[in-house]
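Here the chain labels run A, B and C in written order, and each chain numbers its own residues starting at 1.
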């Protein structure tokens, strides 16, 4: 069911939140806002595969990590410019996504979720143990970030925020356009509804499932590269299941299968979480867990569903 | 004993029963027939609680049972035998019978009830330790009936007992049903095989497209030209 | 050479006992409720914490502490279905659940882990060995603590299998796993069976946590790596198949133990996933097939 008003409202809310730090250019706010933008992109990229196309993946942290590590390693060891590192990391993650999509073609539901969880865990273990490639438990650090940005701590911080926000926003919009205005998007929806039926109606479900995996992984990897160049440290913990867990929580909160919903959910949940963090690091994860459970039971369509009147 | 009044029910937005009524007198053997899709099985499932009716009410022994869960309906004295027998295919015949006695108060009562069931259906005695799924179709149907007997419901709902059975097996299954009936058990039997049910039922209800189309004795059913044309024609399959 | 082999074999078997406690409980819950409990590891951790509370804080004897921890975890597990799984099932009705149960247990996992962190702090708590001393086998020696883990695991699982095979409620659980509609027709209340099953499954995990507390130490996230590995084991054995989970636990643990001969030990943890992927590609129904809880 198309609902133009809630969708427009959702995009407006996203835009407003994106511009908020322009009004409050405090470095701390900017740092948080940068991270929030990265989470929003990550959540939206997960939604493209799992919510929109219905291929439940519990291993998204893996693509995030691959993008981050690929970009960091390329910049550190091969001197690749971070501007090129962004698409490079995304491409590596996207390629891995397509590879992961092949075995996933045969799996459904529980199996798919568990296998993707296992794949992410493999990535994390590789990151933790392959010293030469990934720096082991200490990860990769000491690599350059975007060249050509203004110097001076606040100006640099703001510039980085603008870059991250710009790339993330463009990516989310791109995903939304693909999903809502292209044949691929129609195929994704058909696959989610009933992929056997879709195949019998002539939709090339194999190709489109692989495409969904590839796009989702690429944009997740892009989030990873943005993370790498912002924090300038990549360690195995980025591939942890906690990352996937947070992303899924944000997506459920915002509304599965809408692209903008998870992005908005990520921004809001992140903001709430960080605000709670002042009371103690521990509380915000408790809140996230509660939010996930309450929403799944009572509001499975998330905020997007609320906007549509459930 | 069983009074169904104006029941509407279905699956999600698909309404199958559009205001159906039916009665079963104590100790009676009642048949429920009609074309495919008429809602016969749906009605049984609604009476037993697998489906909630959207409207109407169902009374059993004077008390409302509308909206009860199936396990609650069981404890009220209703029994149900699914179309495929509803057996636990990976458990032995013995364990299936033990489960039949789930609501009985003691192990001794269960043992006694199983003994009684095996008395009545001796073909199962040899197969006691066999896995239920390895029995033949007819034996499985007999096991389902034997299991239903273990807890002595007062009204047994049976969904298409003759489905997918060879004619010889159908006779044996109906012999078993009649034997059960003679112990005082009331039966409401849904059937595609009209001849089989008309031979034993005291009363027959006909459903068509979710509504009542006829009710009366088998003789009255055969006597009505209109009904014969519409429904008995189907039976000669 | 023989000593090493024997040592690896013992290590593998002991670890297999632990994996089995974990994986069988997980498979049981899946087989009966069709739900994958992502929070299973948190009940393992909880078992460890309860054991710590009993043995270190209350100074109970080790045996009492372990038993109390297992029972305590099981009792808390009784709340999971009525509070979370049941309401979701009721709201879904006949609609397909999609990822919702997975997300629900994921939320529970996050919630439990952070609550443990809040309540008990993040440091590694130490629990002294339940039994001290070492069994001398000539060629090698095994700590009694490890033998205890194996022995207790075997006993608990044997008790579970006996319960499922002979006890009225055990049969009811199997009935619900095989044919919920027919089970209801027997008068078996689904909700109560689901509640009991979850409690049993997480109780086993809690027992594992209490037994392993001296070896693993106790901290909030101690269970999660096991959870993920247990998913791989359950898939290898055949989802919902308890005997399969049991078998796969030992297959994986022995593979891990012997792998040290060929690959560096940090890569041990990968083995379970590699085996899982191989099984999924070659024999997706698992070693013993997706039979129901037998």
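What we mean here is this: a residue touches a chain if its C-beta (ideal position, glycine included) is under 8 Å from a C-beta of that chain, and two chains touch if they have at least 3 such contacts.
What you see is a predicted model, and the numbers here were worked out from it, not measured in a lab.
Engineer: Chain contact graph: line, ring, star, complete or other?
Structural biologist: line
Engineer: Using the mean of all protein Cα atoms as the middle point, what chain has its own Cα mean nearest that point?
Structural biologist: Looking at where each chain's C-alpha mean falls, the closest to the middle is C.
Engineer: Please tell me whether A-C or B-C has the greater number of C-beta pairs in contact.
Structural biologist: A-C
Engineer: Between chain A and chain B, tell me the centre distance in angstrom, where each centre is the average of that chain's C-alpha atoms.
Structural biologist: Here chain A and chain B have centroids separated by 54 Å.
Engineer: Between chain A and chain C, tell me the centre distance in angstrom, where each centre is the average of that chain's C-alpha atoms.
Structural biologist: 31
Engineer: Please compute the C-alpha centroid of chain B, do the same for chain C, then give the distance between them in whole Å.
Structural biologist: The answer is 42 Å.
Engineer: Help me check something: in the complex, which residues belonging to chain A touch chain C?
Structural biologist: 50, 54, 56, 58, 103, 106-107, 109-111, 113-115, 117-119, 121-122, 125-126, 128-129, 241-242, 245, 248-249, 252, 256, 280, 282-283, 285-286, 288-293, 296-298, 300
Engineer: Contact residues on chain B for chain C in the complex?
Structural biologist: Chain B residues touching chain C: 11-12, 48-50, 69-71, 74-75, 79-82, 86-91, 95, 98-100, 102-103, 147, 151.
Engineer: Provide the residue numbers of chain C that touch chain A in the complex, in ascending order.
Structural biologist: 30, 36, 84, 87-88, 91, 98-100, 102-104, 106-115, 117-118, 224, 228, 231-232, 235, 239, 264, 266-267, 269-270, 273-274, 276-277, 280-281, 284
Engineer: Okay, in this complex, where on chain C does chain B touch?
Structural biologist: 94, 168, 171-172, 174-175, 178-179, 181-190, 291-292, 294
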